[in-house]
Amino acid sequence: MSKVTVFPKSKAAKRQKIISLMLGSSVIIVFLIAWELLFQFKLVNPLFISAPSRVVLAEISIIKDGTLLKHFIVSAKEFGFGYVAAIIFGFPFGIMLGWFKLLKASFGPFIAALQATPRIALMPLFIIWFGLGITAKIVVVLLSAIFPLIVNLQVAMSTIDPDLVHVARAYGAGRWQIFRSIALPTSLPFLITGLRLAAGRGLLGVIVAEVFGGSEGIGYMIEYAGSTFQTDKVFAGVLVVAIVGISLDVTLDRVGRHFDRWRSDTAVH
Amino acid sequence: MTVDAPETTTLQRFVQSGVATAVMGELDNVMKSHNEANQTVKYPDNRPVKLSIKNLVVGYLDHQSGQTTVAVDKVSLDVREGEFVSIVGLSGCGKSTFLNAIAGLVKHQYGEIKVNDRLVNGPGKDRAVVFQKASLFPWKKVGRNITYGLELSGMKPAEAREKASYFVNLIRLTGFEHHYPHQLSGGMQQRVNLARALACDPEVLLLDEPFAALDAITRELMQNELLELCEKVGKTVVMVTHQIDEAVLLSDRVIIFSARPANILDDIRVPFSRPRKGLIKDSEEFRSLMSHVWKIIEGNANIGGGI
Amino acid sequence: VKKTEQSTGAGAKPETVVRFATNAGNLPINFGISKGYFAKEGIDLQVVTITGGVEAVTAAAAGEADLGGMGSPILVGAVAGVPITIIGSPPASGQHFVLVSKPQYKSFAELKGKPVSPGSPGQGTIQAFNVIAKAKGFKPSDFQYVNAGTSGNALAALQTGKVEAVITSEIVGVKAELEGFGKVLESAADYFGHYQHSFIFATKSFINEKPETVRGFLAAYRKTVDYLKAHPDEAIEFAVKELHQDAIPYTKVYAKEIPAWDTSGRIDFAGTEHALTILKDLGDIDPKSQVTAHQIVDEQFLPK
Amino acid sequence: MSKVTVFPKSKAAKRQKIISLMLGSSVIIVFLIAWELLFQFKLVNPLFISAPSRVVLAEISIIKDGTLLKHFIVSAKEFGFGYVAAIIFGFPFGIMLGWFKLLKASFGPFIAALQATPRIALMPLFIIWFGLGITAKIVVVLLSAIFPLIVNLQVAMSTIDPDLVHVARAYGAGRWQIFRSIALPTSLPFLITGLRLAAGRGLLGVIVAEVFGGSEGIGYMIEYAGSTFQTDKVFAGVLVVAIVGISLDVTLDRVGRHFDRWRSDTAVH
Amino acid sequence: MTVDAPETTTLQRFVQSGVATAVMGELDNVMKSHNEANQTVKYPDNRPVKLSIKNLVVGYLDHQSGQTTVAVDKVSLDVREGEFVSIVGLSGCGKSTFLNAIAGLVKHQYGEIKVNDRLVNGPGKDRAVVFQKASLFPWKKVGRNITYGLELSGMKPAEAREKASYFVNLIRLTGFEHHYPHQLSGGMQQRVNLARALACDPEVLLLDEPFAALDAITRELMQNELLELCEKVGKTVVMVTHQIDEAVLLSDRVIIFSARPANILDDIRVPFSRPRKGLIKDSEEFRSLMSHVWKIIEGNANIGGGI
């Protein structure tokens, strides 16, 4: 042990985080600048396409008059409940489908059909079953977000290392323990991917649901602003959704990497 | 053992069992008469039988090609409490398969395995295995890998940690508790694999080449630790090894497997008293025993064709 | 979502909740709530915001709305058997879609063979376009139908030349003219003659359970519309300030429209029959249907 | 080799396929029967919720009068091009994001934002850039289908076994060869999952795109039937989409399992 | 070698290199003077130097804890064309790390590695490695695993298949060409790993315990095949092994590594002439050489503490 040198912990890791952040931001900033220039040089029509500077002004104004907060809270609630519901149902269901072949054979096609069924065709059904209130929107978010989870976790189960299952069984692990000690860590990358896709899908879902019915929420705000030609406000709403999307994605990615830190750093190339 | 394709109905049962249950079943009567005579108790011993294997047949079915490979062919073996039995044989002859069958990880198609007079039909906490591949959990640090079995049986974390640190010392990995497996050398990984099994303190210890990746010095150290542990608590051990000297040094009996499919060529009692020291290695008796074993395997290899 | 607009009006305490399905920005409804006209009738009017007539009808059928006001899907739904009854008309119940082309077009005939956007299937805009085309002696197949929607999307398509003409609401048409890339070429109202497009309906169960509330609603609605007609400036100011309507085109259109409002709420039966015929021609209503306007309309709740 | 017994090849595999098919079908059939019964006992309103028997009749009538074929061809074309485009762009892009950490740090947040951006707000932009023809619809399908591919493949790259990369490098494999011989087989389960999710999303995309604009395709047919309360026809359209969804899913799953046949069969439980 | 934490700027370079470049760099001068004297050519030989290693230092940085583990510490070694050099040492001392550094898979922080007088800064087709873990491609069948290196160099499939079948016979796996790795026993996998490297016919062969998982008989068979192959074409081989007898039997020189961090304790010339037969094992000279090697390692183990 005399040959081990210790350096201040995690400085390197911190540095890496900062670099990542800077790179990610700079791409977005470059995009925004390009967009603003297009606008300033009148290459886009402000009737249809706003500009970052105008969006920021619109954003400030809807923050100031409280509009944004009001709609945001509604949307956040709908998204939150729907997303959590998708996890609660999708996670165990996906795992079970991957785990029990008969279950997959039975419900696989049904799920595929459900996934491909256009929500738009079912809107009347939705209204009849879930009304026009928050329930309907939560269901839309749930239905949008659940499929990536189900499909990803199902496949995750097939990538489990059989050697490790052997070890676990040899040590007397029951199903639940095998699940916890092997299936879960193995499926983590799949789970995180599923959660990331589900977040993106769920956000779209909440907006779509609010556009189709209701008088609250960011989606409603966007739709109403659009139909009254308040393009800046449309984009101010979109900006909020995009920021939420980025935050969720970055957080999930980081969580995934935290739990995956046991992987060796070996560069692939 | 080459059997013609059975009719569809037999095939179905065949497929359901995962391997060739049905086919093997047909050999039932033939084997009964053939084997029962064979099963003499070669070395009388008054200790109770801990592990009893009768007419064990294990095969693998390749689902894609429909091919079965028979790996273990009608092996019978009794191991008494506190006995240390080694198995030697050619690479690919079926040693690991045999061990995995005892561990309850691989289904057998015929015969029976009993531990403490109870039929084995799955893994159990009475047996622990040191696998040929280290197969550590890559996401667990060394310490947690060692305490895996303990945690499964519900030991408190503090207690498990303490036990882990004892075994970390035993396998000479002090300071590496918090390393991930990929940060260890091959030999270090194998030692963790060994410690994981020892920590469970099972009644029957199944070791599959536990020292293969260790240098001579470390190997001797580990052999001594194992011997000491076993002699102290009287563990029942079945160990697969490639080192004939290791087999002779550690065991009460050395079982010699034939080329695939494995059956028992010979079952040799090792006459040295315990506790043993490495010193016996230099004795003439030790050497002649070793070359005896060697000759039996070699003879079979030459006759039996493919290794 | 049931949205409760706070009734500011003094007087009677709201007792009965009435859920009214309409699109966002409906002037009389929002104004009436804000001024407390409905509250005065003992009605707590809650707006169920939906995007179109189909959703309004569905919401009513699903028990999510008691009343509603939208366009021709109400007729289609009522004829198809949705348990709703038409109880009145909004103040502007006729066809008010306009055909907006690129500025260089002088006449409708020039659009022949060109890509035009008649709006989404089932909407009044398609009916309007077809009626105009028929009156000018063309068949629908004389044009390339590409649906770009009705409002912002339609304008974007027009401005960038993806289509040569769109049929849309008057406000959007005026907006296009103001922006300089569109020209209101035709007004659908000129071709429909006797034609009623918009209605107010109630579900049959609501009528059975609370006929008095239906009466009260229509009374309050009439008072609101009367007030608005008398104060067009206040109406427009309310729409722009409170409903965030696009000020210039809205002002331009409504300054002309409000004085022409029919505040009686009466149904134009001939116009409705005419609408049914057109819808049958289009296939939106089963051509074999024998349902007449009188079977789906009940005017008894209108104030005398 | 004298101890190897050979059985007629693949009979077991065939049997398994048949069982799977039967199980999958039976779940769907049970669902359909339940639905039909609900209808027969007048527990649902046929005005908004059709019944299997009525859907079949509607299906037959639109098959007979050629409506279905006409719309189907249009939708199939849009979906096909969009899906293939999503693969062509999403596959290499996802791989590269997983492979090059800097690229991921740079574009990760941007992609997350894009994924969460409500398409509805960008419709004017779409029209301006891609018109109202098939291009716009292909782009909608592309945008719907590409994210599962990008995200899944990106994560796939992080699960590559570094030992195998070592082997490949030791044998002088270049990047491309490492990619082909290791990254590709490793990412296969992720790729298949991505393709399955993308298929579902793409089908939804094509329907949404046709609803929002256009006068052809299954989506238009559904929308038109819906707005005129021809519920049977709505579901006849939905049925077609669902069948396509199931077929794609089953095919992709089978392809995945074909390429994954090297995995040992060790039961997980 | 315990170094205090450097200032941030040094730390940055440290992190960028992946390991402790900067820290090691500071030791530059110290080591130059220290080592150059050491580097006497112990056994004069007129064959050209094939592989030349000078002052090699290799360490691992744990990105999370910031800990560095130095595995190879200033090792210098010249291997001549056609020479067979074995490395023995305690488990975890740094043998695999050393081999991987030569293969170009692990970056070194200091010193240089030259093959044919050209600096090594990555893997190359002049070297092939038999890894300690078999690391076969699980999705390729045995045949395709063996021809992996050949396919990479663009050999035609038919030709590669033919070569594969030659090596399949050599490693006694006839009939298993179309099996997937998970269908093989541990020893069979290791033999495939060996064949994969041999098939490439590289100038320098780097073997990391290539026979560890093989039984005595198969091991001897494989040793003989390897010896024959090497003697015929005069391959340069560096082999890590745990069997001292194996090292002595096969090699021209046996290098003894110290406990971690590895440096060279001794470099022993094996005096037997070639071609050798297994028979020399029984000679007195052979045994005394073996026990000489054993004693050196053991002595170091006792002094050096942790294994």
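As written, the chain order gives the labels A, B, C, D and E, with residue 1 at the start of each chain.
We adopt the following convention: a contact is a pair of C-beta atoms (placed from the backbone, for glycine too) under 8 Å apart; a residue touches a chain by one contact, two chains touch by 3 or more.
Source: prediction; values computed, not measured.
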Using direct touches as single steps, what is the fewest number of steps from chain A over to chain C?
1
Comparing centres built from CA atoms, which chain ends up most distant from chain E?
C
What whole-number Å value describes the gap between the mean CA coordinates of chain A and chain E?
48
Could you put a whole-Å number on the gap between the CA centroids of chain B and chain E?
30
Suppose each chain is reduced to the average of its Cα coordinates; what separation in Å results between chain B and chain C?
83
At least two other chains touched by the same residue of chain E: list those residues.
65, 69, 133, 174-175, 182-183, 306
At which residue positions does chain A touch at least two other chains?
1, 4, 48, 123-124, 128, 162, 166, 211, 223, 226, 263-264
Among the residues of chain C, which ones contact at least 2 other chains?
54, 58, 61-62, 152, 155-156, 159
For the complex, which residues does chain D have touching chain C?
45, 47-48, 123-125, 127-128, 131-133, 211-215, 220, 223-224, 226-229
In their shared complex, chain A is touched by residues of chain C numbered 1-3, 24-25, 47-51, 54-55, 58-59, 61-62, 64, 151-152, 155-156, 159, 175, 179, 244-246
List the residues on chain E that touch chain B in their complex, please.
60, 62, 65, 69, 88-92, 95-97, 132-133, 172, 174-175, 178-179, 183-188, 191, 208-209, 212-219, 221, 242-244, 294, 297-298, 301, 306-307
Contact residues on chain C for chain D in the complex?
52, 54, 57-58, 61-62, 73, 76-77, 80-82, 115, 117, 120-123, 145-149, 152-153, 155-157, 159-160, 162-163, 283-285
Provide the residue numbers of chain D that touch chain A in the complex, in ascending order.
19-20, 23-28, 31, 45, 48-49, 99-100, 102, 105-122, 124-125, 128, 147-148, 151-152, 155-160, 162, 165-166, 175, 178, 183, 189-190, 192-193, 196-197, 199-201, 203-204, 207-208, 211, 219, 222-223, 226, 231, 234-235, 237-238, 241-246, 248-250, 253, 256, 260, 263-264, 266, 268-269
